[in-house]
Amino acid sequence: MPPDPPVTAILLVNCRDRTGLVAALSTFVFSHGGNILDADQHAERDSGEFFMRLVWDLAGFDLGREAIQSEMAELARRFTLRWELTFSDHVPRVVVFATKASHCLYDLLLCQQIGDLGGTIVAVLSNHEFLADVCQHFDVPFAVIPVERDGKRKAEQEQLARLASLGADVVVLARYMQILSAEFVERWPNRIINIHHSFLPAFAGARPYHQAKERGVKIIGATAHYVTADLDQGPIIEQNVRRVSHRDEVDDLMRAGRDLEREVLTRAVRLHLQRRVLVSGNRTIVFG
Amino acid sequence: MPPDPPVTAILLVNCRDRTGLVAALSTFVFSHGGNILDADQHAERDSGEFFMRLVWDLAGFDLGREAIQSEMAELARRFTLRWELTFSDHVPRVVVFATKASHCLYDLLLCQQIGDLGGTIVAVLSNHEFLADVCQHFDVPFAVIPVERDGKRKAEQEQLARLASLGADVVVLARYMQILSAEFVERWPNRIINIHHSFLPAFAGARPYHQAKERGVKIIGATAHYVTADLDQGPIIEQNVRRVSHRDEVDDLMRAGRDLEREVLTRAVRLHLQRRVLVSGNRTIVFG
Amino acid sequence: MPPDPPVTAILLVNCRDRTGLVAALSTFVFSHGGNILDADQHAERDSGEFFMRLVWDLAGFDLGREAIQSEMAELARRFTLRWELTFSDHVPRVVVFATKASHCLYDLLLCQQIGDLGGTIVAVLSNHEFLADVCQHFDVPFAVIPVERDGKRKAEQEQLARLASLGADVVVLARYMQILSAEFVERWPNRIINIHHSFLPAFAGARPYHQAKERGVKIIGATAHYVTADLDQGPIIEQNVRRVSHRDEVDDLMRAGRDLEREVLTRAVRLHLQRRVLVSGNRTIVFG
Amino acid sequence: MPPDPPVTAILLVNCRDRTGLVAALSTFVFSHGGNILDADQHAERDSGEFFMRLVWDLAGFDLGREAIQSEMAELARRFTLRWELTFSDHVPRVVVFATKASHCLYDLLLCQQIGDLGGTIVAVLSNHEFLADVCQHFDVPFAVIPVERDGKRKAEQEQLARLASLGADVVVLARYMQILSAEFVERWPNRIINIHHSFLPAFAGARPYHQAKERGVKIIGATAHYVTADLDQGPIIEQNVRRVSHRDEVDDLMRAGRDLEREVLTRAVRLHLQRRVLVSGNRTIVFG
C-alpha cells in the first residue's frame, strides 16, 4: 500500500496574466518552508487569462492556517487575484439530492465506500421514500423533504436549512427531478452539480431519447455542470459519449444514457472535491 | 494477399415488418443458385420498420441483371418494399466539391490511392483555383466553376451539367463553402454528403470554435450527413468526437476539428460507396 | 413504456459457408409461420466460415419446442452445422464467484436490479464472508465455500455440486481470486466468464499496475473472456480501454482498472445472456 | 487570426523532489523580467521524482541565451537536475526514414503543410525510390540510401553522415522497414521515433493482424515510442486504439492499423517537437 498522502494546502488562482505571479506565489511557499507537490498553470494566449492550481506540503510549513489566509489575501490584492484556498484534511461534506432513479446515487455511494470520492456524503435528501434502503445499506443518513405542488418555496427553505445544519459544502443533483429556483441556485454558486443527457446534434423539447432514435444519432452523451439560474447552461465540468447504432431501441439508448450519467457525474464530483475545478465566467478550467 | 473479392449483388430493403419477407428474399437468391455472403437485417420493435442489407455472390447465379431487377420489382410489389439494388462491379463515380481547405480532399484522395474508397473520384469541382495542384498530384481531373455574387443559379446549372456529363453517382462536399440551393439538393436526394462540426452542447451563430472555447466544452465533434434542403439537418451517416481541455486554444480546437472532419467524412463516404447506408425518413441505418 | 418483448427463438449457427443455407433456415422459419425479428449473418472471405444469429417470434409458430429441436437437428445434419437454440422465456441462471473485491459484483447486481442483465443471479459463492451484506442488500443468496490450502479439489467438488443443484447456466468470475482447475473448466466449456486487466504493451509477472506505471503506458484496458484451461487465454468477449497520464499514481491506475473491469465484465455477461456470443475456435463472434 | 506566438524559452526538468525547486526556478525567471506562460510540474508520491515543463516569454528578459544556459547550469548543479533548454524560434529539423508505405509520410507532410508540425522536415531518406513523387509534391528533399544485403553498416554510416550534414534534430521512422543497429540507436538517444502496431492481448511472432483475427480481438492499437537498442521496447510517447469486430477481415484490420499508425505517429512527433516529452528511465512524461 502507498503511504498516507501528506496534508497539503491547495490553492486555485485566476487573474489577468501578470509577470512575476508564479514567482511571487512559489516564493511565498518556499520562503515559509513549504514543498510544492503539484503545480499546474496556464496563461491563455487568446484571452489573457491566467489559471493556476498549486499544492504544497504543510509538513514543516512555518505559517499557521490563518496566517496563510491573510498572507494570501495580501498577495491577492497586489496581483488582483480571484483565489480559493483549502486544506486537504478538510473533508468536504456532500449532500445528494435524489428522487427515484438510483443509478447515480449508487455510483456515488460506491465511490465513497471504496475511498475514492474525496469527500463524505453526509446526507441524501429526496422528495420520495424510494431510495431509503439504498442509503441504509451504505449507512448514509436519508431524509424525505416532500415537494408539494405549489410548495417548492417551502421545500427549498427546508432544504436550505438542512444544508446549513449539515455544514454542507456541495450539493449533487443525482437525477433530482425538480428544478431549483433561481434564489436557491444563487445562494450556492458553483456548488451545485447536475448531470444531464447531451446529444449530437442537440434536441429541444420532450422525450430526447425518442428524438435521438428518430434522428438516428450515432453518439449519445452526458454532461455534468454547475447549476446556474439558466437551466442546463452552467459551466461544464465533465462530459463523455458512447457510440450507438440502429440496433439500439429507445430503451437501449436510455440504458446507455444511464451508464454515461453515473460515470460522468461521479467523475465530476471527484474533480470538484479534489479542488481541480476552477470556474471562470461560464466555463471551467479542470486541472487533470 | 487475399484473393479478389467476388462480384456480388447488394440489396438494401426497407418496409413495414412482414412475416415471410426474409424467407422470400433468401429463397429468391437460393432458388437461382446464389450464395448469400452477408446479410444483416433488423426489425425495430418500437417503429415496426424492417431493414435489410443482403449481399450474394453472382458466380453461378442463373439470372441476368435485368432479370434480377424485374424479379425484385415483383417481390417489392408483393411486400411493399423500398429497395435499391447495385452490383459490386459498378464502381460508383464520385465528384468532390471543394473550396480552399485541403484536409478533407487529401484524405479522400489518399483513401482512393490506397484502394480503400470503394469508388472513383472522377472530378474535383471548386470555386477557386486553390486545390489544382493537389488534384494534379493524384491525377484527378480538377475544374473551376466560379460562383459569382448573385451568380449561384448559373454556377449550379453548370455544376449539374457537369455532374450529368460525368455520370456522377454521388457528390461529396469536402468543406465546400457555398450553400447549395433547395432545387439543387432536391435533384440529388441522399446523394450529397456534407461534413460539419458538432458540439456538446450545440451552438447557434457564428464562430463556433470561439463559442466552444468560451463555454469550456470538454468534447468536440464532427458529423457527416446527407444534404437536405434543411441546412445541416439531413440524415446523419457518421459522427465522432475528441476530448479537449482548457490548454487547447481556439486554433488547437480548430485543428482537432479538422482531424475529425477528414476522418468522419472519409468514413461516411466509404460507408455510402459500400452501400451500407439506408435512409429511412430523416435518419440512416448503417450496416456496420 | 415499450410493450413487453415477444417470446422468441434464438438460433446461433456456425459452419463452413454453404450455398442455400440462409434460404433453408429462413424458409424453415417462414414455412411454420414464424416472423424473423433479427438476423445477422456473416461469411468470412478469408476463413470460409459462416456465422449466423437468427431470432424469430414464436407467436403463431406452428411447431412446438421439441419439434423445433428435432427439425433443427435434421437441418444441422444436412448442412453440417454447429448450432445452439434457446428460447427467450428461458431466463438463464447465473452464479457469481467472488472473493473480497466488490466492484464487479455490485455492477452485476445493479444491472440485474434495473432489469437489464438478461438473466437471474441465483447465487453468489465466495471463499470469504466478505460480501455477504452486499448480497443481502440485493436479496441474492450468498454462500461461503472456503478454499483451504491444498483443498482446492474438495472446494471445487462442492462448487460443482452447488452449480448442479442450482441449475446454473453460466458462471461469472467477478474478481474471484482462485485459479480453477483444468478439470473444472473443461466441465463448463464457454460458460465461465472472467475479467482481467490488459495493457498495451502486455506485461508478464506480478504487480502489473506497478509495471504499467514504470513503463509510462498511456492506455490501460480490461478484457472479459471465456475461461479455458490455458489461463487468461480463452476466447475474448469484450474489451475496453481508458487513457491515463503521468499524473496517475499506481492507485489511480488501479481505480481506472476497477472501473474498466466492472464495465467490461457486465457488458460481456449481458452479451452472453442475450445469446449474442458465438465461440469458434479460440475466438468469439459477437453479434452487436 | 490569432497573433503570432511570442518567442519563448522552454525548460524541461527532472530530478529527485526537492523543497524550494519551483521557487528557485520561477524566481530565476521573474528576477530577470520573464513572464511565465505555461508551467506544469508534478511530484510523484510513489517514486519521489519531480518533473517540470516551464515556458516563459523572452520579450523583456534581461539575460541573453548563453547567460540563460550558464545560469541554468548553476541551478542544475545546486539541485542536481537533469534539464533541457530550448528556444521556440529554433525550428527543429526533422529527417524522416521511410520505405514504401506512404500513409505515415503523407500525414507528416500534410501536418507540416498546414503549419501544425512544430518543425521542418528537411529530408526524407528511403531505401527505395518509391516515395520520390510524394516528396516532390510537398517540395521536400528526397534521397535514396540503399540498404544492400550485408550492407547495413555501410548504409548506416551514410545515413549518419547525412543526418550530420543536414543538422538534424530528430529522426522519424515512418514505417521504415529496416532495423537500426544498436550503434546507430545509441548515437541518437531519445531522438528516434518509431511507430508500431499494438494489440490487446499482445502477440509475438509474424503476421500479427492474422493472429489478431484468429484471436477475435475487439480492439487494435498503435504505439509511438523512442527507439532503444531493445526493439519496440523504448519509452512510449503516444498510443491509441480502435474497436473492431468479426465483420472486419484481415485487410480491414490492416487498414484500421494504418489509420492508427499515421494518427499516433504524427501526434507523437508533434509532442516531441513542442518539447512536451520528457524521458525518465524507460518511460516518458508527456505534458499535455
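Letters A, B, C and D mark the chains in the order given here, with residues in each chain numbered from 1 onward.
What we mean here is this: a residue touches a chain if its C-beta (ideal position, glycine included) is under 8 Å from a C-beta of that chain, and two chains touch if they have at least 3 such contacts.
Model, not experiment: these values are computed from the prediction.
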| item | value |
| --- | --- |
| Furthest chain, CA centroid comparison against chain B | A |
| Separation of chain C from chain D, taking each centre as the mean of its C-alpha atoms, in whole Å | 41 |
| Cα-centroid distance, chain B relative to chain D, in whole angstrom | 36 |
| Numbers and ranges of chain A residues touching at least 2 other chains | 2, 42, 45-46, 245, 247, 249-250, 288 |
| Chain contact graph, described as a line, ring, star, complete graph or other shape | complete |
| Of all residues in chain B, those that touch chain A in their complex | 42, 44-46, 51, 198-202, 213-219, 221, 223, 232-233, 235-236, 238-241, 245-247, 249-250, 281-286, 288 |
| Contact set on chain C toward chain A in their complex | 2, 38, 102-103, 106, 110, 113-114, 116, 133, 137, 245, 247, 249-251, 255, 258-259, 263, 288 |
| Contact set on chain A toward chain D in their complex | 2-3, 5, 17-24, 26-27, 29-31, 33-43, 45-46, 60, 288 |
